[in-house]
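Letters A, B, C, D, E and F mark the chains as written, and numbering starts fresh at 1 in each.
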Amino acid sequence: MDLVTFGETMARLENPVVGPMRHARALDLGVGGAESNTAIGLCRLGGTAAWFGRVGDDEFGRLITNVLAGEGVRLGHTVVDRSAPTALLFKERRAGTLTRVQYYRTGSAGSRLCPADVPHDLIRSARVLHVTGITAAISATARQALDDAVETARDAGVPVSLDLNYRRALWTPTEAGECLQKLVKRADLLFATEQEARLIVPDADDDLAGLAAGLAALGPRDVLLKRGAQGVVALCEGALHVQGAHRVPVIDPVGAGDAFAAGYLAEFVRGRPVADRLDTATAAGAYAVTVRGDWEGLPSRADLDLLKSAEDTVTR
Amino acid sequence: MDLVTFGETMARLENPVVGPMRHARALDLGVGGAESNTAIGLCRLGGTAAWFGRVGDDEFGRLITNVLAGEGVRLGHTVVDRSAPTALLFKERRAGTLTRVQYYRTGSAGSRLCPADVPHDLIRSARVLHVTGITAAISATARQALDDAVETARDAGVPVSLDLNYRRALWTPTEAGECLQKLVKRADLLFATEQEARLIVPDADDDLAGLAAGLAALGPRDVLLKRGAQGVVALCEGALHVQGAHRVPVIDPVGAGDAFAAGYLAEFVRGRPVADRLDTATAAGAYAVTVRGDWEGLPSRADLDLLKSAEDTVTR
Amino acid sequence: MDLVTFGETMARLENPVVGPMRHARALDLGVGGAESNTAIGLCRLGGTAAWFGRVGDDEFGRLITNVLAGEGVRLGHTVVDRSAPTALLFKERRAGTLTRVQYYRTGSAGSRLCPADVPHDLIRSARVLHVTGITAAISATARQALDDAVETARDAGVPVSLDLNYRRALWTPTEAGECLQKLVKRADLLFATEQEARLIVPDADDDLAGLAAGLAALGPRDVLLKRGAQGVVALCEGALHVQGAHRVPVIDPVGAGDAFAAGYLAEFVRGRPVADRLDTATAAGAYAVTVRGDWEGLPSRADLDLLKSAEDTVTR
Amino acid sequence: MDLVTFGETMARLENPVVGPMRHARALDLGVGGAESNTAIGLCRLGGTAAWFGRVGDDEFGRLITNVLAGEGVRLGHTVVDRSAPTALLFKERRAGTLTRVQYYRTGSAGSRLCPADVPHDLIRSARVLHVTGITAAISATARQALDDAVETARDAGVPVSLDLNYRRALWTPTEAGECLQKLVKRADLLFATEQEARLIVPDADDDLAGLAAGLAALGPRDVLLKRGAQGVVALCEGALHVQGAHRVPVIDPVGAGDAFAAGYLAEFVRGRPVADRLDTATAAGAYAVTVRGDWEGLPSRADLDLLKSAEDTVTR
Amino acid sequence: MDLVTFGETMARLENPVVGPMRHARALDLGVGGAESNTAIGLCRLGGTAAWFGRVGDDEFGRLITNVLAGEGVRLGHTVVDRSAPTALLFKERRAGTLTRVQYYRTGSAGSRLCPADVPHDLIRSARVLHVTGITAAISATARQALDDAVETARDAGVPVSLDLNYRRALWTPTEAGECLQKLVKRADLLFATEQEARLIVPDADDDLAGLAAGLAALGPRDVLLKRGAQGVVALCEGALHVQGAHRVPVIDPVGAGDAFAAGYLAEFVRGRPVADRLDTATAAGAYAVTVRGDWEGLPSRADLDLLKSAEDTVTR
Amino acid sequence: MDLVTFGETMARLENPVVGPMRHARALDLGVGGAESNTAIGLCRLGGTAAWFGRVGDDEFGRLITNVLAGEGVRLGHTVVDRSAPTALLFKERRAGTLTRVQYYRTGSAGSRLCPADVPHDLIRSARVLHVTGITAAISATARQALDDAVETARDAGVPVSLDLNYRRALWTPTEAGECLQKLVKRADLLFATEQEARLIVPDADDDLAGLAAGLAALGPRDVLLKRGAQGVVALCEGALHVQGAHRVPVIDPVGAGDAFAAGYLAEFVRGRPVADRLDTATAAGAYAVTVRGDWEGLPSRADLDLLKSAEDTVTR
């Protein structure tokens, strides 16, 4: 297995036309979750990925497993929890590209993830274990499961990839900073926005190179500072890389970070050098925002070629 | 004010095409709540109605108040609760006319209704206070508010109308039977299905007349046993009435009971005799099921004329 | 040309889901007009038909000519009126199969039809001229055009087909009765419902055979009394025919009369005997109600075969 | 009451996908009217507003009152006119952001507004009376009602706000210029585009400051020249203000002017200084164009915060 | 593995509203194939199923594998054919419940199924091998693959289930009769309509018991004659069973046969007696027609309980 | 007849929301074909046009003839081929404005076009014969028909207009270059992209003027090199014209070339000078891309005025 990941995946409901959600006559139904998005992304780029977590014994839980299985993600260790509902994510496309989020995830099946759910053998078999800070925020048992999984990976020499993914609705910056710092220290690969990074190393330099160095000093050998349309600043295996972003029309910025991680990890698990990882990561991130949806726009290899050839046409 | 009512009104999401909900690409968005349905029904039949309750400070709460205000329901005492979300009702149109319901209402704004929210003066000004058994089931504070409201009405000589509306997802038959029986004893008008009625008087006769008599013995002067396509058996002001239902194509049976209550109460508050109340109640119930939606098909007076003239055409 | 007809065709807007039109988020857009419906019906059954009338110089006028030309109806004499808008027809699918109609046709382009618009040579070339009572109701100039067209047909020995098509929103029964009686006297083929027929011969017998005879006494050699799901009573070329209707699921009854006329006339212009005319008429009427839309469900010959084979299957 | 306004509000139908309207299979249904748009805008920004006018006794009239009541606009003096239909506004989204409008408002209920409909006491109770030039154009009785309302306001010391809102389909520039000039002379606050302003003061300077001065010389103490993406030039309480527009993606420019007026008036009725009025006006106008619909994108205070924080993010 | 099956699964496009397909503005996209429908049905009833076949290297091929994998069907031996497109099935919902089918499957990936694609070990591991007559009709190589698969099953003692599934668009009755008779002789379980059965035993008795006996005489120990709304006549393990159908509203009759087979086989692989097999088969067939779609309405065990409880309610 | 053209027109299916086509729940249905697009474009600009070709005897064939006839294109010589299906074009709106195409046209009715289908008299009556390179690629018989049609036009002195329209899915660059060069030699007007032009004159200069000269040297008196957003380089009647493109928001670039040709030819057939031809061509091309669809956005004269006035507004 190239990648093992886990967390809470939710049913996602959003208004099809931009504006106040209450004006919508119908809400589009789909699924979303940072970790499973990345798992799908890795599969589309030709890798193999497993995701585990809990879903409710309801239509939304079945929707999640249908979508993930359909996309080729292995679900052998996913648990159907008969005593709690699947969590919901309402994504209000409010105005222009501004979005707002409302969760119904308190007491959800996904937040009941617990240490007993962790498939240690599966993790030991992985080329990389990918986790996010969200799992630490949803419940105490989930956080314990996260700790156990990371420990198992480290013991087995499986690299740990961490995307900080700070969610304001789930905890305060202070809570998050304290908890996530411990995770950073145990991670090999670290994905963060500048804002998230400063939760971990609040005293770091103003410049991004210094910020990356501050994070790398905590442990990770690859630190990826994602800057959206400004590209990425990366400190990987000791070298600094500054790379711009592709210029594409932005339809939906949500999921770009998960796409970036998927692109980076897809090359990482294949043993490709940093330059290739960054190329695929930035291309995947760019491609993803040209399609509506959290994961629907994750690219295949053929899509990346299409993106490249379109750029060639334009710049020629 | 002809009618005052209160309870929990929810955002309602349902699949537009019959089948498993997970196959839907989008869910239709609306609102629903037994009590507010009845309030809308009364307004459409020319009366005045007020509804109170709690909604969240979110798009779903605003949707509820927009819809109710738009339909003419007075909302002067409705509370926007900034610390809890609006409840959700998923209505899965599963197969044929079979539907299944899933709630996200634990800890919801609506279930936080409490005695302090009860507008006693408004209740005293009403021609009838209409309540349902659902309010007793959603929380302890809501049940207390229900008790207080009923007490105020009784003290002021305002008739109390009770629709049992047993909801299996909220409590057990035993819990419900015990609690609802106390309410029945304080009600003047009682609406129930046969199944609900037997929760209250489990030892009643097999036949419906006996069942109605058993309920009337507890206090209500008007007992309405709703039988869907079989019509109604009523024991009102001491006399038994057996009335068939209109024959209409059934598009969506949900909400028929609320329509029936609205029709009955619309004539009751105008001081019309029992026969007129039953006529309007059965016509309203029949009309409502010919339109999709919990309350969308509630008829105006003109709609009842349309129904009547269509029947005349057919039977001529 | 097998059939020439004329009148006012309108843009048609209707709610896609049954219920109050104000609840619709969008209204389906199409076209409709009794005469052009019949022209389409005749084309689908293999004949040739021309329609003329006025449309506005706007998108709705263009929609009408696009649809009619697309369906093969000849439009060489249709006028684009630059000083008046195309009329609108709102069809509210109110409840079950009950519909209500609201027009925006006062001062419309179509109602400005006038004698100068009548293509006399085209009429003289037709196997039948088909008109409806609606044209007499929309304006004085349209009524004059109708008179002129009928006169031309009669002078040229072209049979005149008249569908009474009484529209309550346009004139009173008294106005209509007086005017339409004159038309009946000049018609060779007459289509009417029982209710419409009694506007013309209010003193006719109660039974339908007598009613038909009363009409035939005014002039028409073929009198077709349409009875919906009860079939048809016809007095054609002196003989009485009573024919039942096909049993089909009714999706949308609107347009059944136009389909019936199209079926009858399709055989009439081919010189087929009365029995064939009635067979095709009743089959076309039955088929049309199984599809939503005023003319969209008009059958081709292949569709009539499909209907027949399905009935064979069921009854076998 | 913070704001009282009146005029004709119409059912609005538009094609959901850009292109010729005749290609649309369905038209989106909503409502629109310059004055009621502004009333909704004021309510969303926390104020209280009343609108009056006439609507037909049809589904479109009910749609209008449902929407306005739902949005919190007070409708106590709105008249249901049983003898005329509600007006229609077809908005063709023709190409890119180009739109075309077609009205069906001749003889409409709304245009039958007359002096007897004017609620003088309500006007006297307002902090501002807001009117537009459209009302002067739709009928003689409406123009008289407009005159009476303005006179009542002036007599009561209620400031009069006027948005010129010239509509080419309703009258000629010459007719409009003559009539509107008289209104300008009685207005305290004046909203206009440059093109509209030149109808009033055709001999004014070429530069906008001069144009504003020319208008102010006629009477208004606040003159707001709206310039779309170029911002606003304002001559308020004797001082000139030149303010740029927010940079936002334009989804639908229709309604920006009404949003601007709502923003300005929301602060005006709260006694805020000119700078605050202009800030809220430009922010409201900018926000509104990022959402499709004439009024659907009118912002709440929270939306303005969201807009601001998004801009901070981008510019940081 | 409970069930192994194979064949051609196609992208399915159908008009969402009944009527001529050319009037549709959009066609609903899904997948369909008799064998994979049955595989899905078995999974929903709690069994395990594998399907194999060829799909094109295009979006439709990916759609098919996504849907089947999402539904839990094992696809380990499915081939992506890079040199031919996925077949298409247009399902025209023409009128009422009448449908017409148009294929684009000549030279399709699915029809290129060949002996080399047959996973013999997988077949040997199955509790039943399920095949249909369609595979024999789509190409010579597919027919050979079918022969090989059946031979492998027989050699391994795996029961062979055959659904005749005659498709008029693919071959003539004579061609089909000759070829399918050979298959019947090697089948253990046989599903057929009366019309299909007579292709095999044209000289059988008129009555259905005789027809079933004629088929059983060729080899199959279980013969199931499906009669739609009339139920089933079965000759299983030597005993005749005549069973009526459930009475349900028919939304879409397509797929009822596949559901019936899935229900029968779901009990067969669990070793349940004939009575149970027939109960589940008829219930699954009934349930399936209450939902639109070829396989979308295939029931879970919970759905069958729902169906049963609804019937209890109605008949009580 | 101003313009005669012919070729293969297909049913067109595309995903309504950008992203992988397999995620679409429904595909929008329309028609498309380079030659018929141009014919529609010419009609919309006020000219007369005839198109001929073959369509299947199916709903898609009927859709094509309905749409073309509805748009005013003359179809008197179009053949309904009862032995082959109408071709399909799937247009996947993959990401941003990137699209991908998949055909189902092997063995289609349209590709069975043959010399016997060519209406020589119609061609002789035309002001211009318009052909594209696609027809040469779809089959040998179609190529022969193309040759015959061109020969007839040349013999009759009817100018031949050729749009190279190279389609990668149909043939290789080498095949295309060889075949199309022969066509270029017989063309009077030539439309090409730079890439297409280099297939014909691979040794031409790098600069576009030289490339145009190279093509003109083969015969055409007007050579139009289309450059999308960069405008056009034209060598017409011996003079070089370099013209920029209008700046418009690009919604759908497909069909811009057909619009350009339609604009150019609309003026050519009216005998307008080159400058006018280029103005209308560039305006039509620009307008077309602001509307979704291959031909839906083709402008009328009024649309070109609208485009012009909008540009005036912006640039003022």
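Basically, contacts are C-beta pairs under 8 Å (C-beta built on N, C-alpha and C of every residue); 3 or more make two chains touch, one makes a residue touch a chain.
Chains and their UniProt names: A, B, C, D, E, F = Sugar kinase.
Everything numeric in this text was worked out from a predicted model, so none of it was measured.
Undergrad: Based on mean C-alpha positions, I'd like to know which chain lies farthest from chain D.
TA: Ranked by distance of C-alpha centres from chain D, the top chain is E.
Undergrad: Sort the other chains by how far their Cα centres are from that of chain F and give me the top one.
TA: Comparing chain centres, B lies farthest from chain F.
Undergrad: Would you mind reporting the rotation angle for the C-alpha fit of chain B onto chain E, rounded to the nearest 5 degrees?
TA: A turn of 120 degrees brings the C-alpha atoms of chain B onto chain E.
Undergrad: Measure off the straight-line distance from the CA centroid of chain B to the CA centroid of chain F, and report it in whole Å.
TA: 62
Undergrad: Counting in whole Å, what is the centre-to-centre distance of chain B and chain D, each centre being its mean C-alpha position?
TA: Result: the chain centres lie 41 Å from each other.
Undergrad: Per the centroid of Cα atoms for each chain, what is the distance between chain A and chain F, given in Å?
TA: 45
Undergrad: Can you tell me which residues of chain D touch two or more of the remaining chains?
TA: Chain D, residues with two or more chain partners: 20, 25, 66.
Undergrad: Mind listing the chain B positions that touch chain E in their complex?
TA: 17-20, 23, 94-98, 100
Undergrad: Write out the stretch or stretches of chain F touching chain C in their complex.
TA: Of all residues in chain F, those touching chain C are 65-67, 69-72.
Undergrad: What residues of chain A sit close enough to touch chain F in their complex?
TA: Spelled out, the residues of chain A in touch with chain F are 248-249, 251, 287, 290-293, 296-297, 299, 303, 306-307, 310.
Undergrad: For a test of understanding, state which residues of chain A touch chain B in their complex under the given definition.
TA: Listed in rising order, the residues of chain A that touch chain B are 13, 16, 20-22, 24-29, 58-60, 62-63, 66, 85, 88, 90, 92, 102, 104, 106-107.
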